[in-house]
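Which chain is which? They are A, B, C and D, in the order written, and residues in each are numbered from 1.
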Amino acid sequence: MHRAVHIRRLPRLAAGLQWRQRPRWCAPGGTRGLATTSDLPTAIPPTIVRRACSDPGADSEADHQYSLGWAGATPRTALVVKKADDTKADEALASIVEWLQTAYPQISVVLEPAVYRQFRGRLPHVRTVAPGSRDEYARVVDFVVTLGGDGTFLHVSSLFREQVPPIVPFSMGTLGFLLPFNVADFPTQLHRVIEGSTTLLPRMRLVYSKHGADGALDARGRLNITNEACIHRGTYPHLTTISCYLNDHLLTTSVGDGIIVGTPTGSTAYSLSAGGPIVHPLVSSMIVAPVCPRSLSFRPLMLPSSATVRLQVHRQSRGRATAYIDGRDCGELLQGECIEIRRSPFPLMCVNRDDLAAGWALDINQLLKFNRTFSYPHESPFSDRPPGALDE
Amino acid sequence: MHRAVHIRRLPRLAAGLQWRQRPRWCAPGGTRGLATTSDLPTAIPPTIVRRACSDPGADSEADHQYSLGWAGATPRTALVVKKADDTKADEALASIVEWLQTAYPQISVVLEPAVYRQFRGRLPHVRTVAPGSRDEYARVVDFVVTLGGDGTFLHVSSLFREQVPPIVPFSMGTLGFLLPFNVADFPTQLHRVIEGSTTLLPRMRLVYSKHGADGALDARGRLNITNEACIHRGTYPHLTTISCYLNDHLLTTSVGDGIIVGTPTGSTAYSLSAGGPIVHPLVSSMIVAPVCPRSLSFRPLMLPSSATVRLQVHRQSRGRATAYIDGRDCGELLQGECIEIRRSPFPLMCVNRDDLAAGWALDINQLLKFNRTFSYPHESPFSDRPPGALDE
Amino acid sequence: MHRAVHIRRLPRLAAGLQWRQRPRWCAPGGTRGLATTSDLPTAIPPTIVRRACSDPGADSEADHQYSLGWAGATPRTALVVKKADDTKADEALASIVEWLQTAYPQISVVLEPAVYRQFRGRLPHVRTVAPGSRDEYARVVDFVVTLGGDGTFLHVSSLFREQVPPIVPFSMGTLGFLLPFNVADFPTQLHRVIEGSTTLLPRMRLVYSKHGADGALDARGRLNITNEACIHRGTYPHLTTISCYLNDHLLTTSVGDGIIVGTPTGSTAYSLSAGGPIVHPLVSSMIVAPVCPRSLSFRPLMLPSSATVRLQVHRQSRGRATAYIDGRDCGELLQGECIEIRRSPFPLMCVNRDDLAAGWALDINQLLKFNRTFSYPHESPFSDRPPGALDE
Amino acid sequence: MHRAVHIRRLPRLAAGLQWRQRPRWCAPGGTRGLATTSDLPTAIPPTIVRRACSDPGADSEADHQYSLGWAGATPRTALVVKKADDTKADEALASIVEWLQTAYPQISVVLEPAVYRQFRGRLPHVRTVAPGSRDEYARVVDFVVTLGGDGTFLHVSSLFREQVPPIVPFSMGTLGFLLPFNVADFPTQLHRVIEGSTTLLPRMRLVYSKHGADGALDARGRLNITNEACIHRGTYPHLTTISCYLNDHLLTTSVGDGIIVGTPTGSTAYSLSAGGPIVHPLVSSMIVAPVCPRSLSFRPLMLPSSATVRLQVHRQSRGRATAYIDGRDCGELLQGECIEIRRSPFPLMCVNRDDLAAGWALDINQLLKFNRTFSYPHESPFSDRPPGALDE
């Protein structure tokens, strides 16, 4: 059983404030009038502990939930993310930043450049990364707060090349698979994160790479996938022929609109629309699902997460195709070109509800409208009698 | 456009009552103290007119809705059906019978024997069919009122060997595909039926026959199907191998739990659970759907209603099977035995809502929870930009 | 039973040739050196007779197969169609034209302009339609011969505004749903067509129209659909919200990649990939099937052929969409715009195999690989015994 | 890379034979004339080593293939299993036993009682377990050879209460997921097993228990599941209402024919027929799939292998149900009774092909006929041009 949550620690933090004479966010940093992250300290490695299980009979080996801690330290830098044009999240962002700077003055708050420009007047102590210094996110950020929908959450993955700091995802309204917390509860949740008494759900990611017909790696290199990679013919009129390889063995050659390779997290995204199963995020697996295949028998596949999957536009395919990652266009694939997908060693560590099973059960029912039973009794009340027995 | 409904006709009916000195339900009939149907006149053939369509551009040929009329006569005998043990329908039955006997005293009310025994004290003028006189229903009944669920409705089909009189189906609660009217509205609906100003929906039925391995017709003869015929292995442990023939041509041989052959009406019953499409009742077609087939590629089939389908337990099948009609067990099928299904020339003529399309749209949404969209936006708001474009 | 086929009639035709002193194809017609159709006589209306059925017990009303005849006349003009760039069909086209001109010299052969230009040197007597005279096809053509794949067949539908003459479709290789005859058999099949002793399969078509947000009909007017109309988001990143109306009643609002409205003929095309049922061409129905819907519960629908279906891009849809007919791009749909689909009064009359049921059964098995049973016995041979009974 | 296989070791074994003066199988054991296992030594614990991976970039943590070894010892007791009534396996059994006794005379061969009785005349040195001594299998058997179909393989699981020795499964004909080796290759495969140079595939099992409405464990205790547990209404006419709990949280309540909870191994058995995904055996997960649910939206679920799933017949369910394990009837479930399923700590260790990915790819293609593409091109060759462009 993980230890209880103590919200009462706030006073100690306020005391800590006395100790630090000059709040860290007073140091303005420098490039071209921007308050940048250049003088911020490097991130504290979080301590991520597999939670012991209160049930002595349980298979603790298999319990993949984790607790987040900071090994005695406290986090010093938070990245707060929202879409630049999402005005509905503006007030929440300002409230969170102000709350953080009051309750935890030792914590510097970083915003992405576009959001920084929007708020620098209102929130004078926030910082941003200098142009071209994208690696600064990985260098300084201890944890990430996201405000908005799934897209905002997915975006975070693209800011970090490899390891992503723990993410605290807030919904502005409807909760969801990726958004377990309502923004109205931010003080409680952020306290727990900073104090190191919260539950982490590791969300497996995949790594995508694109290769020419000669096998050469595309200039854009390897990209992280949170939901799915997809090859789709888009508006190209001819069906695309795609060969799918598992660890270099030809698994199948599919003619159709496309193929999806997804994570368990992505199982409730595009893969679900394409007919894939609903996969709990703790299952370590990749989904392969077809999009409108010219076949009656392309049932979705669940492959081990150790698999390497290669999708190649067949050299004789009439149609070309486009590659997508998490819904974003990643460029055209000509005949013979391929993408390769394998597990990323860097899952997203997402702060989550303590009872993951209950939350997931709620989500598939409320969000996906899972297993809505017909209202109308079509069974035959006469069926338990011999035919014609009713009237005699 | 069909003519407007005139509920005001009730006075004329009352006048008609004056003319008939002795209400018809006073004639007690006779076998063993039962008030039987033996002295009732034969049924009036209803006039069923394809409704003209108000839209001059519409394809009136294809508009399969009908109006019910009585060619100047008025109906004289109503059969009111409920399950004998369905006590929730007791009051509704009594109310309807009493209302009919008051508003239309020339109409005799017939009940099935078990229901008759239950109500003969309370409703002295009702009648029933004499034991062994099942053909009396077809001889005397002008229209049928059903009270209860789908099973009650389905049961009516079994009371008539061939033609079934128009049916007015009332739900005791939730409306449904087969139950368009709430019993609370019975005076309005029954007025319209008796006055001949109501809409009929013809529901195609199928005819089932069972044959020995030598082709001989089973002693039970031909039976009508409203929803579906099904061959299923039940609890027999081995999968059953069933050959399916279309007009004597082998269509497929299936190994699995079973095969369903259904009507459009049955498309929202067992066939839907087995993965079949939702078929509007005006589509003239048979569904063939597998139950847990040992195949990835047994997609449901829609055959023309003129088809003859034969399902034969394969002579080398390891498992036997059981035949079901509308959920009722119709006996075991040994290896080599078969059932044959073709369209019945006698559809069920069901009184329905005037606007069938609107009612059907409502039903599939409310009852089947058709196309419930996910609440949660899984699309990426960033997807219309190049990756990484967000923060620059 | 339809009358037997008499291939021996060829001599009588040769005699007919004597009577017509000047073969009709000698009249060169005129625009700019083209041998056009301008002096050809108008088409002979074919006599299409519902085939009587040899089985006295059968429901002949429902037997929708037809025989083609010419009411004593013989056809005078044949249109022969192939794709201009399909060189594999070149020899077949030349053979057919030469055979027609020898065996039936009274028959003029028309080619589409691009094909005409290709063959005018080799086949001096062929004709074509003058530029801008597309209605000439409808005026003069008695029957159409197609050489090639499904696309060639589908193309014919676009050459005629309303009624299409009977089509004799030849495959250059694999037979298929739309291509019942191998080109190697052309003399037999064409004899039967010209002599009026062949079987017609009417393939229902749909009519498509596109409307602005104000309801105004698009300038391109109404177009015929052989397989399906489809609204699809294509590469547009946001899911499209589409409202689907049945006879002006809202049936459902779908978020997803798109919606397909298909004919029975189209049930084995894109709709099948999207999860729709396999529909026999004699079923009079429209299929509505979703493409990757954001819903677990959008089961395909079968609507009556009398239905009018309207698909409207929702006014608040984030994404636009594109309309497609039979796979061709028919333009973008903005928010509020819609397409309307109803049955065409002009089915395609396709010359087909005499035994339609056998041919269709063959097609779904050979072409679609329908219901391929697993090779591997996963049933338990022990399952008919109590557990553990094996070893005692 | 695992070390190469050396079949040449046979001479050393023959030498070993010299050393052991009296072949172990000469010791006849004793109960009532049976040569029992009572004097056999206890089994040697196999050494099961996770295979190192030759690809330095691979995620070796996730590579769940194992090598079988015997830690310097050699196995001393083999159990050979076939169905008692499977006469097709008789010759293979005799050949294997004779080969084992010649090549490895130190190995005792054990048969199940019914098979022992059949072969004791022909194979004088075989042994069997004494009546009521079922635990002897676990005490003495070093590895198991199965001859027959899937059922024979599944049966082995029931002979051992907990840990099952490594299994070498031979098919008598068609290879399959569970049967990677043809019996014709038995000398090669058995050499490799006994020499400790073979590949093991661990197949996760589940543990089933049945509980009364008061929670009490059923007298039959806990049983192992190799493919699936299933609750099904069988021939009971009313649909069964089953509540499904995940770690004590209500996940869903299903009305329908039944629910399946399966292993990855079982994903190609009954779950596949019910619409479940194809799951690679190295994925650590449980499948929950409905059987003919009265819902459009019961998509199959993949749960983490650490989950505890409880299926309870709802207290208000109209219908009862029957529990099945791997196809065997395990008794009726009344309203309120439940079954509980969790991961077994004892997977089946199956000797397998060295290249698991290639073998699995072959199996899903050859056995399941996975993704058979339509033969017939339904795409439109005209679709890449504007409509009507063909003839200009």
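Methods note: a residue touches a chain if its C-beta (ideal position, glycine included) is under 8 Å from a C-beta of that chain, and two chains touch if they have at least 3 such contacts.
Computed from a prediction, not measured in an experiment: that's the story for all the values here.
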Third chains touching both subunit B and subunit A: C, D
Taking each chain's C-alpha mean as its centre, the one farthest from subunit D: C
Chain centre separation in whole Å, for subunit C relative to subunit A (CA means): 47
Whole-Å separation of chain centres (CA-atom averages), subunit C against subunit D: 50
Length of the line joining the C-alpha centres of subunit B and subunit C, rounded to whole Å: 36
Contacts with two or more other chains, residues of subunit A listed in rising order: 237, 270, 272, 293-299, 327-329, 368-370, 372-374, 378-380, 383
Residues of subunit C defined as touching subunit A within the complex: 232, 234-235, 237, 256-257, 270, 272-275, 291-297, 322, 327-329, 368-370, 372
Interfacial residue positions of subunit B with respect to subunit C in the complex: 58-59, 61-64, 237-239, 246-247, 249-255, 264, 267, 272, 276-280, 282-285, 287, 290, 293-307, 318, 342-343, 345, 355, 357-358, 360-361, 364-365, 368-374, 378-380, 383-384
Subunit A - residues contacting subunit B, complex: 83-84, 86, 112-115, 131, 148-152, 154-155, 158-159, 174, 176-177, 223, 227, 268-270, 272, 295-299, 325-330, 363, 366-369, 372-383, 385-388, 390-392
